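Residue numbering begins at 1 within each chain, and the chains themselves are lettered A, B, C, D, E and F in the order written.
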Amino acid sequence: MSEVAGRLSVIEGAKHLEKPFGGSGVLISGVPGVARANVAIIGAGVVGENALKMAVGLNANVTVLDVNMKKLTYLDDIYGSKITTLYSNNHNVEDACINADLVISGVLLPGAKAPKLIKRAFYKNMRPGSVIVDVAIDQGGSTEVSKATYHDDPTFVVDGIVHYCVANMPGAVPRTSTIALNNSTLRYGLMIADMGLEEAIKESEPLKFGVNTYEGKCTCRGVADAFNLECQEL
Amino acid sequence: MSEVAGRLSVIEGAKHLEKPFGGSGVLISGVPGVARANVAIIGAGVVGENALKMAVGLNANVTVLDVNMKKLTYLDDIYGSKITTLYSNNHNVEDACINADLVISGVLLPGAKAPKLIKRAFYKNMRPGSVIVDVAIDQGGSTEVSKATYHDDPTFVVDGIVHYCVANMPGAVPRTSTIALNNSTLRYGLMIADMGLEEAIKESEPLKFGVNTYEGKCTCRGVADAFNLECQEL
Amino acid sequence: MSEVAGRLSVIEGAKHLEKPFGGSGVLISGVPGVARANVAIIGAGVVGENALKMAVGLNANVTVLDVNMKKLTYLDDIYGSKITTLYSNNHNVEDACINADLVISGVLLPGAKAPKLIKRAFYKNMRPGSVIVDVAIDQGGSTEVSKATYHDDPTFVVDGIVHYCVANMPGAVPRTSTIALNNSTLRYGLMIADMGLEEAIKESEPLKFGVNTYEGKCTCRGVADAFNLECQEL
Amino acid sequence: MSEVAGRLSVIEGAKHLEKPFGGSGVLISGVPGVARANVAIIGAGVVGENALKMAVGLNANVTVLDVNMKKLTYLDDIYGSKITTLYSNNHNVEDACINADLVISGVLLPGAKAPKLIKRAFYKNMRPGSVIVDVAIDQGGSTEVSKATYHDDPTFVVDGIVHYCVANMPGAVPRTSTIALNNSTLRYGLMIADMGLEEAIKESEPLKFGVNTYEGKCTCRGVADAFNLECQEL
Amino acid sequence: MSEVAGRLSVIEGAKHLEKPFGGSGVLISGVPGVARANVAIIGAGVVGENALKMAVGLNANVTVLDVNMKKLTYLDDIYGSKITTLYSNNHNVEDACINADLVISGVLLPGAKAPKLIKRAFYKNMRPGSVIVDVAIDQGGSTEVSKATYHDDPTFVVDGIVHYCVANMPGAVPRTSTIALNNSTLRYGLMIADMGLEEAIKESEPLKFGVNTYEGKCTCRGVADAFNLECQEL
Amino acid sequence: MSEVAGRLSVIEGAKHLEKPFGGSGVLISGVPGVARANVAIIGAGVVGENALKMAVGLNANVTVLDVNMKKLTYLDDIYGSKITTLYSNNHNVEDACINADLVISGVLLPGAKAPKLIKRAFYKNMRPGSVIVDVAIDQGGSTEVSKATYHDDPTFVVDGIVHYCVANMPGAVPRTSTIALNNSTLRYGLMIADMGLEEAIKESEPLKFGVNTYEGKCTCRGVADAFNLECQEL
């Protein structure tokens, strides 16, 4: 689903840069003779990589930030002169945000709250009508003001900056999202149908790992902690 | 402005393919393992070429149709294995529309009504929720049901097909559009300011060609005809 | 050698699409204004990746299928808008075959018979003269009718579909194949020449792994099983 | 048709480089670690450009020669580091042929015999089994030994060099060729059907230009000269 | 020769950005995680296009400015997301220069002094050690302080900005330059040798146009004006 | 730093091919109609990959040699028809050097002297004025005559071949190099500042690995061996 969200984030960003949607009225691609939009992508994980692919495809001037040098090197191999890669630190994040027409944040730490890398203090130096698409909203968001929104009213404005914070982005393209989900999960469903749950779990480590409750007992440490339940090893 | 409209058409199309906007819920780019959308671009003029650039950038499976073989050959040089070029005839247009998730029409005949190449009869064989962006709406549109819409309510649905027919597409990105317009027109404004209208017209053929009225008389044949005025040579 | 076979498979496929060779008379690349051939590549292993590279190079409209999502994602990074990647399941394989002018199968399971993914039932819905290049023929082939052929009579026709099933494809380009083989094996030959077999085996794990018989005893489990011999640890 | 022939020429060349077809046994693309074939394309007209596209697509090391600097510059823009462009003179043609595994000649002078740019004297310095595809065979061919061949026996060998000289190359892919031809000619057929020949000729300059006989008189200067007929202006 | 100078200009610029050569110590390409240099190319004629090709090749962040919209559109087709194209006006030139680590000027007006587009007033806002390569130096140069230099001492510094103003840049790569020159001129030399000057001039318009003196009289208007000679029609 | 050196090596090589710098006077990129330079890159490690990227960017005809087949395959994926990959053995290295205008060696064996792969015996068959950039000079160099040089006198000539052997190449672009170094090391400095050395070492394996002396005792095996000191485990 991160791939869907990453790709969608650029379409949403480009759309909300339109004036009638509160944006600054910049066409992400520019046209010959008129500068294209600057896009800053914070985090080069699955979300960031997929956003990058779409933003480059729309001819934006893209800067991508991460601390993972191996990933930045790979992106440099793939995209070459099409992008700027920057090591992610406070100074570079601020710089990239201030220069950006569109900021996409895909900074997700597995099982932890997303860090608030995008400070409200940056906003006063950004162009009014610039857009932040906060794909990390599921885990609390990457800005200090992020709060989850829905597809029917996807944005809010703080200090002139448009925030797109839809928590369930892939829900907008259910046909693609469902097939993508099936590609990853159908085999497990078939295993359970064929073998019964117990046998299937013995066969498949990932399936075992995915069981949250069994015979009325919580079997997943994370869920148990979150809901203050007793956890029982499967 | 055709460049702005052409580029924007793909962003609008991708956006309106989203389920909450009436579309079929397909992500234009697909994701690895899930098919990408089919995009048919009818007409490889300025609108079509710019739409093509964006649609390819978003990893869609693009087919472009035109009768201009020289232009199709140029596009084949530039885009190679990224696109399919088809000679435009009734059979190919129907085929391309029926297979498309998104149809973009940029068929503009200078000074004439756009031909209605996209028949309503095609719709029953198209996937419900497919989108037609009719950039030719300024000149009457390319479908049999096209009618101009506005940015605040840009689409209508006929036989399950979403029609995007905003007549003033570049108005959504005024910052880019204004600069693009200035790049083409500012020099003429400066000429008039520097030299006075009469001298400027003598210097510049395009400027002369752009004068519609002079000393209370209509000086442009097309406008005169349209409004039933007497036309006086400048 | 899989790299040679994978690359060659597209040249063979393109050649046998010619009418005088039994094919449907389609030029794999198309020309501007005429659709290019659809190529389905089943399996994105070494054979599939190399076939992909050549098929894209010849401007075909390529769909590649595999269950390995990581590999599909890598191919999406490298080829972007040039290909469609599909998760491999019965439905998608059938769909891809039916739409294909050329099917290339490179589905090889190490040390096992190739699965018969391409059903004869598909043929009646394929265009007559379409071509299947079955690179998996060494391990039994991927179609229900595959049988090994030779370079002097490389194809046979079943239900109108041309099957190319040469078992030793790299033999057609011995100059390239020999050098490729030397690049991988010469170092081991030199080790044996320099050190004697016993010392060389102690130095090199891959070399030890490659010894099939020693002092009259079979030392390779697989060969021993196949020929019903006693196997003796080296 | 030149586009079909140009594209096909590379597939034929790659195929006939195979050992069982008399070639040197080189895989045109090479594989990683093994050099790719050198391909020399003489003439950057329609044939040459289309051959170039396919040869680059198959990862060959391509050199293209022409005297048209504007065309070479365009190819440099499109292909950049993928090709070498050389000004065509005797020295460069000889050099390119001697280093080539595959030579493709598309030197066509409209309405004249093709110049014999590829001298038999080059052959002794070429690698045995190298292939020449002489697309100019329709107009006499580009080598000193060229003679037309047919699809059922397409090659002959002189001094160890394989010559492919099929005069009607597009005939191998009739499906693609027929559609390509229709794209260019159908409109004229429809004009004649709709308007009658006389009216159609008045409307269309190219159609008029294409009339060879009218009311029993030859109306085409070239044909008249060739067959020693009287020529009558249409 | 403009092609040689344009390509060389980027190598010279990259070299002189090195600290030991007075530059700011920036590597033109950056490395993953470190920003690449900004390169502004003023003028998209032959010099500019060739500089662009090399600067993009070295992964610089390139902005190209011109008033020729058709050329900017072509560059957008070829380079897509790799470059920014800007309409050339005072504001954009100043902006591009101030942000640039390397400025390359190739603004040549045929037969006229190059306009002084790069103002000394810009320098105080540029990073010290930035480099200007003034390929227009042959026609007076594009900066207010340009003066011709030679290969043995190619640069001078004004207000902290390094100026590279070698008037005969192609002289640094005589092997390439000589062949390039021969490609364009040899045919004329051969014509004169074969036919004598008088006949050759009758055959060839360009050759006639290139004659500066004949029988002791100056026959070229431009040269005559420059040296205050009488001009006699050939 | 290897990335900086690898990228810089091509700029240095291109510069020193200029006649005034002792080179053969070849422009690395060629121009349309004139052959581009042949560049041989020996070793496809970090240095080689980065040199490759720049050399391809400058449109050189690049051959890269390594024994690592996986790396060659990756480069083939990324660069396709833009490069030739060769398995590195004596024969191929000699061949590549003899045909090269520019040789870049980045063969570094961690903690060992670089192998002398480039024999002086090759020089007599190379074009005079060809350039070798020996990035392995830090570890003794890759040629039989290599000796370290400095930025103020970077080259020497042996048998007509220009050797560039600056030991501290990244020192030429200190701005880029310093930031690159900071990206990798700053976090460790901050850890020591925050936690004190002892705690920081406990937290971070790489930091511990980097300590050479502690309380007056040498704690690094390599340094201890090199200077004949007693080594004390940290």
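Criterion: contacts are C-beta pairs under 8 Å (C-beta built on N, C-alpha and C of every residue); 3 or more make two chains touch, one makes a residue touch a chain.
Predicted model, so just to flag it, every value in this text is computed and none were measured.
Looking across B-D, A-C or A-B, the interface that copies C-D in more than half of its residue contact pairs is found at A-B.
The interface holding more C-beta pairs in contact, when C-F is weighed against E-F, is E-F. Averaged C-alpha coordinates put the centre of chain A at 38 Å from the centre of chain F.
If you average the Cα atoms of chain D and of chain F, the two centres end up 45 Å apart. Counting partner chains per residue, chain A shows two or more touched chains at residues 3, 30, 32-34, 53, 56-59, 69, 73, 78, 80-81, 87, 179, 183. On chain B, the positions that touch chain C within their shared complex are 30, 32-36, 56-62, 69, 72-73, 75-76, 80-82, 84-87. Interface of chain F with chain E (complex): residues 3-4, 7-8, 11-12, 14-15, 17-20, 24-34, 50, 53-54, 56-59, 151-152, 171-177, 179-180, 183. Residue ranges of chain C in contact with chain F, taken from their complex: 3, 49, 53, 57, 78, 179, 183-184, 186.
Chain E makes touch with chain B in their complex at residues 69, 73, 77-78, 80-81, 87, 89.
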